[in-house]
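Structure, as structure tokens:
Going in written order, the chains are labelled A, B, C, D and E, and every chain counts its residues from 1.
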Amino acid sequence: MEMNASDIKHTPFPAAGTMTDAEREELRRHGILLTSLEELYNWGRSNSIWPIQFGLACCAIEMIAAATARFDIARFGAEIFRPSPRQADLMIVSGTVTKKMAPLVVRLWNQMPEPKYCIAMGACAISGGPFKQGYNVLKGIDRFLPVDIYIPGCPPRPEALLNGLIQLQEKIKGEKLTGPNAARHVRSDVNNEHPIPEYGAHDLVPSKNTALWSPPASPTT
Amino acid sequence: METVEQLRDRLLARFPSAAVAAVTNPGAAAEHSLLLGAAQAREIAEFLRDDPVLRLDYCSNVTGIDWPEKEITDTVKSTVPDPAGGPSKVVETKTVRVEPGYLEAVYFLYSMALKHGPVIVRLRTANRTDAVTLPSLTPVWRSCDFQEREIFDLFGIVFSGHPDLRRLLLWDEFVDHPMRKDYVEPDDYEWEPTAHDEVLVRAKAHQAAVAAAAAAAPVPVVNPTSSAS
Amino acid sequence: MNPSGNSCGSFPAASPFAPVAGPIVRSVTDPFHGDLLEVSMGPQHPSTHGVFRMVATLDGEQIVKLKPVFGYLHRNHEKIAENTSYLASMPYTDRLDYLCSLSTNWAYAFAAEKLLGQPVPDRAQYLRIILAEMTRLVNHSCLVGFLFNDLGTSFTPLLYAFREREKIIDLFESLTGSRMMCNYQRFGGCRVDPTPEWLEAARKLVENFPRFLDEYERMLTGNEIMLARTQGIGRVNAAQAINAGLTGPVLRASGVDYDLRKVDAYGFYGRMDFRVPLGDHGDTYDRYMIRILEMRESVKILAQAFRDLPAGPIMDPKAKQRGHRPKAGEAYGRIEGPKGEIGFHLISDGSPNPYRYRVRPPSLINLTLLEDMCLGHTLADSVVILGSIDIVLGEVDR
Amino acid sequence: MLGTGILNGLAVTAKNFLGSFHDPARLVTVEYPEQHIPVPEAYRNFPFLVSESADDPMGTLRCVSCLTCEKECPPQCIVIVRSKDKKPDATGKAQFYPTVFNIDTSVCMGCQICVEVCPFDSIKMDKVFEITATNRFTELLLNREQLAKSNAYYHQIHPVEAAEVDGRLAAERLAAEEKAKAAAAAKAAAAAAKPAAPAAPAVPAPQTPPPATP
Amino acid sequence: MSAVLASEPFLERAPLELRDAVVQLLPAPAQWLGHHLITILAVVLGFSLFFAFTTVAERKLLGRLQNRLGPNRAGVPKFSILPFHLRHKLFGLSQPFADAIKALTKEDIVPAAADKLLHFLAPVVVVAFSLMTFAVLPVGRHLVPVELDAALLYFFAAGCASELALFMAGWSSRNKYSLLAAMRALAQLISYELPLILSVVPIVLVTGTLSTVAIVQSQGVWSFGLLPHWFVFTPWGFAGFIIFLIATLAETNRSPFDLPEAESELVAGHLTEYSGFKYALFFMAEYFGMTALSGLGVTLFLGGWQAPAPFLEFIPSYLWFMGKLVGMLVFFIWIRGTLLRLRIDQLTRLSWQFLVPLALLNVGNAAFWSLTAHWSGPLNLVRWAIALALVVTPFLLLGRTLSAGFAPRTYRYAS
């Protein structure tokens, strides 16, 4: 993991005209028209990421701070926080997801139109964070949703969120529309609507979506 | 402001049949409290609110507390004279008794009109299982509304006379009262990379359960439930 | 519609995005015997300040019933605190009221010091006042911004407030290391001593703060739409407010003179010269104005604190840094937080962890009268009334 | 007159609009990836482990695996496995060292309590915050190799604090050396006086010279 | 017409010359069709482009109002087949194109319970009708798509259909918030159509025509060769202009009258259930509506394409029109950045108790003005004084009743 600020090189517009042979070959195989369309499409999407206006807890304040004058997420074209999920492209899960809230988060996700992305902002959204030992706290939103970018921190600074957004833009710019590595939303074999868990006697039923949640063998042995 | 003892005596004079006791707080804060019997708690509360000297018009905080059964070992020292005429011996007799558990609601009362307080009032249930009803003080102080609902939700004290006693924080399908000391949390420890102490114990229990379940049959792991009221 | 008001259990059907059922369409076609419309606002709603939910029953646009639903951010703070040491709960208190961590820190430290019988040195007392009042400035100015968002501005007042907030937050960060989660107070004092440069920067900032307030007020206070939208909306009289346990600016807007900084004079507030503004109408406008006036008083308190700040230790030398084991007993410590009386009720059984750890959440209890305030007003007013109460969900649900 | 309040409001926003072209106080945006807001010295995000030298970070960790931080960590995100053997530390005292030192940054709340309780100044707060991950299991669990940063790095990010810590450690080291010398002298004297006496206990002599601090 | 045209400077007639040149290329029977198609295309494309840049301008201006920069880094897409890549970010001016690409390719969700047909028709109707209003706006001296004698009637007929489309959208979504928004939209439509039209009546009264072209031409007079005789510079015209502005804000659902979309109350109001391109169409229609009404305001009150002074006429007339239009839009954005939203009852009260009476009185005022057109010399001053009094007095009186009971308060402190 890169922990050094200087190591994270942000190049929003990488130098053109420096194609490698492999890239040329790739381009030829794809067809120039398709590739150019893909590039235009990805450029448009990556510069117009509208997040859903949806704050959960402490991190939401830093999310708001990222939208305020000093950090100004608007520079990336992402200041239009849509209150309705129907018009949103990005869900920033900013804060602790409790078990009472989790079904609603999944419902909102399902209500968002494709293509959609998810950023887990802060320790609580990633893993339950400091509150993970609580009986009503979901240990990470990735139990129910596919998370594209995790931003650790408690709470992450607004710059960290902007950095996450830039990483997401890079991810979108690199997405393919065809082939085995095609993006999630164009693949017919991937269902991006996820079942909404129900309230059970102590926990959500089911307590995780096994299709998404696949932790490695636990190191606590 | 009167001391707790004076207040107790005043209340006993006003409500002769009521159960009122002073509870001392041994801590540094030394904020002593009054233990009221559940039967007349509502009338006493109204008196506390309306009495012109007290005018405790503001109930600041309501705390629910769970006191589970405790095993208490009493050590009684008795001096037994030596029948042989020698120096008398000190004999320690240990008796183990089980102190019954109860649930408690503590009300912190202040006076906004006279700017004094706090008067701390405690109500106790008879036990933790079936006799968990206390009179609601929400009709006296509306500020108890959400707090009593929260205590009902998390501790399971049933406040009779509460206008809208529903779970406050958890969902309605929830069956237990998680703030009780013996509540067992849902078993949820697949990924605990930094577990230690209690977490490690629970995580290991989870892994053992999963392994056992996998060995036996593909049956989902059922959450262990604690004392459901 | 559920006549019992028990709407907790039927969540999915009442979701804001669930399709409108038959009865509502009838209310459109039949204007004379229309049914009531039940609208579930939240937990994802732009104006519920987080994951709060209100189930409002509307007759046209008028509210005839409104039930708040809590718990969407119930993250078990109290239970976690009972399983961990006294010190380890301190950073969790930052996350209770995440807009004003320094006040909440103080409330917890205050209760724990009461439980431990721990004195606090003078310099730390002054530092606590300085940081708590700066927190009040942050909270109140941001609250006004949020309130105007609810009133329908395009974020402009909020962004001006956050511009000033960033300046104060920068100071918090350079002192405590974190923008929001300051984790600054300790039992028996404070964690870090500010440098003279820090104090000078803070003093200058506070000195300039009234200039921002003047501009803010010029933009907002006299605005005719603002007056029409807030005056007479969500009235609470003094008796109601006291009985419902409202505290903080919401209480004082109803004309009740009860400010713990005066009543308890905790810390060194007894040495400070400041006034307590009171409202006469108890409506949304009063709640807004009380906060503006309180900010002006806070600036005064801060000026005095900077002037009188003594030299000396910031930590009681006899205080334990960790492994606190207060003797059995209990203590209730409360301070005047920006949102109202924030209290901690700690019960010790002599072990290193608190036996019972209870937070008295001002935001939650201030919501007691939400329905009363909203009845008879419109849906648009309900979000404004909620905004004027000033809640933060971390504290409401804990 | 009706409308004056609205006009006042319009005047304020117009002032801010015009101010944004000439007054830096009215255009506060920092264009993030190109410009950075300087973080103060006290800033904290996640902890790191201080090692004396950058060349051999694992060999020169200050951590003696006393487990205090593991116990005090509020969200319990640290796990330490103490070594079976002992290695000499900077002062030459034989100490345990952590064979495993993991911090789960997906849980860590950056509260600095581990730093406060550490008696050996071996865990400090890092300032790096621009972190993203695409897999939380593999990328956010930091092991001791990832956590170890040199004392030079510590000096770079917290200059004032690091100087203070170094001064304190140097004093301790000096005291330890004095003590060791005194013990050695006493031992030599004792050996000279009583050749048959048992070896002097306690403080072992430094086996390696303490690494120079930058 | 060509004789008139020929005497114009080249820039003034360039657009028409271009059109004619293209039309000449077509076979004779298709020339009529080609003529109109090119006009329609020019209007649609021109105003669509204008819309695109209005959105980015709005975001940037709002940003500046709020001490920030706004979108500034969209730049140009990088095409790997091209040997070069422009790395300049173009000040974010390409932002609307990114938004358009995204909106076009976004999944379209129609709720299962929705009325599918109306849900689909609403955005189409709203855009179609708001585009139709452009037909009668004289953009330049010779640039008016359709010269109608009853242009104003046509404009308002087409314009108010867009509010009905909002109702369609709100009702068909079968979402509670949308439904409330639909009701609000309807109440707003009924309340504000009246002051909007009444604010225009004085101009019709004074000029005696409903044709927009004629109205603009009647404003092309200057006193002393310097002071333009735009209607906004008369007392009744000024009052009418202010009423027109307020009613325009309400008609186009702009802040402080954005009740149907009220974000803080109704989530996204009638748009709650719209996604992808349908949402973009609504967004577009809002800006088209705003542009069209601003254009009408410019035409009626601000002299249309007329230059403010005769010596400035060397600048082509369509640029003057566009300049005034941009000025109006900037004002709308400024209002949006400052003001808060009214409540629905206050909104209707403002209309019926304040704007409608004022507009009615204003009609009388205009009647007085046109009856006294022959007054000159000192009588002219009397004429101005009377007309001014007829504006100011009712404003003060009605304003007092409207704001009765609302005033800043003074506060007491605890002793």
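Just so it is clear, a residue touches a chain if its C-beta (ideal position, glycine included) is under 8 Å from a C-beta of that chain, and two chains touch if they have at least 3 such contacts.
All values reported here derive from a predicted model rather than from experimental measurement.
Ranking all chains by how far their C-alpha centres lie from the centre of subunit C, first place goes to E. Core chain by CA centroid proximity to the global CA centroid: C. Chain centres here are C-alpha means, and the one lying farthest from subunit D is E. Subunit A and subunit C have Cα centroids separated by 31 Å.
Centre to centre, using the average C-alpha position, subunit A and subunit B are separated by 44 Å. Chain geometry summary: the mean Cα position of subunit C and that of subunit D are 34 Å apart.
Looking at subunit D, one finds that residues 2-3, 6, 9, 12-13, 16, 27-29, 31, 74, 76, 102, 104, 107, 109-110, 137, 141 touch two or more other chains. Annotation for subunit A: residues 12, 68-70, 72, 75, 83, 100, 111, 127, 130-131, 133, 135-136, 154, 157, 215-216, 219 touch two or more other chains.
Subunit E has residues 65-69, 263, 267, 272-273, 337-339, 403 in contact with two or more other chains. Under the contact rule stated at the top, the pairs of chains that touch are A-B, A-C, A-D, A-E, B-C, B-D, C-D, C-E, D-E.
The residues of subunit D lying in touch with subunit A in their complex are 27-33, 36-37, 45-46, 74-76, 102, 104-110, 126, 128-142, 146. Note for the complex: subunit B touches subunit C at residues 25-31, 57-61, 63-65, 106, 108, 112-113, 115, 118, 120, 141-147, 164, 166-173, 178-179, 198. Residues of subunit B that touch subunit D in their complex: 191, 193-197, 199.
In the complex of the two chains, the subunit A residues touching subunit D come out as 1-5, 8, 10, 12, 69-72, 75, 120, 123, 126-133, 140, 142, 147-154, 156-157, 159-160, 162-164, 166-167, 215-216, 219.
Within the complex, the subunit C residues that touch subunit B are 5-6, 8-9, 11, 70-71, 74, 76, 78-79, 83, 114-117, 240, 242-247, 256, 258, 263, 326-332, 334, 341, 343, 345, 347-348, 356, 358, 360, 364-365, 367-369, 397.
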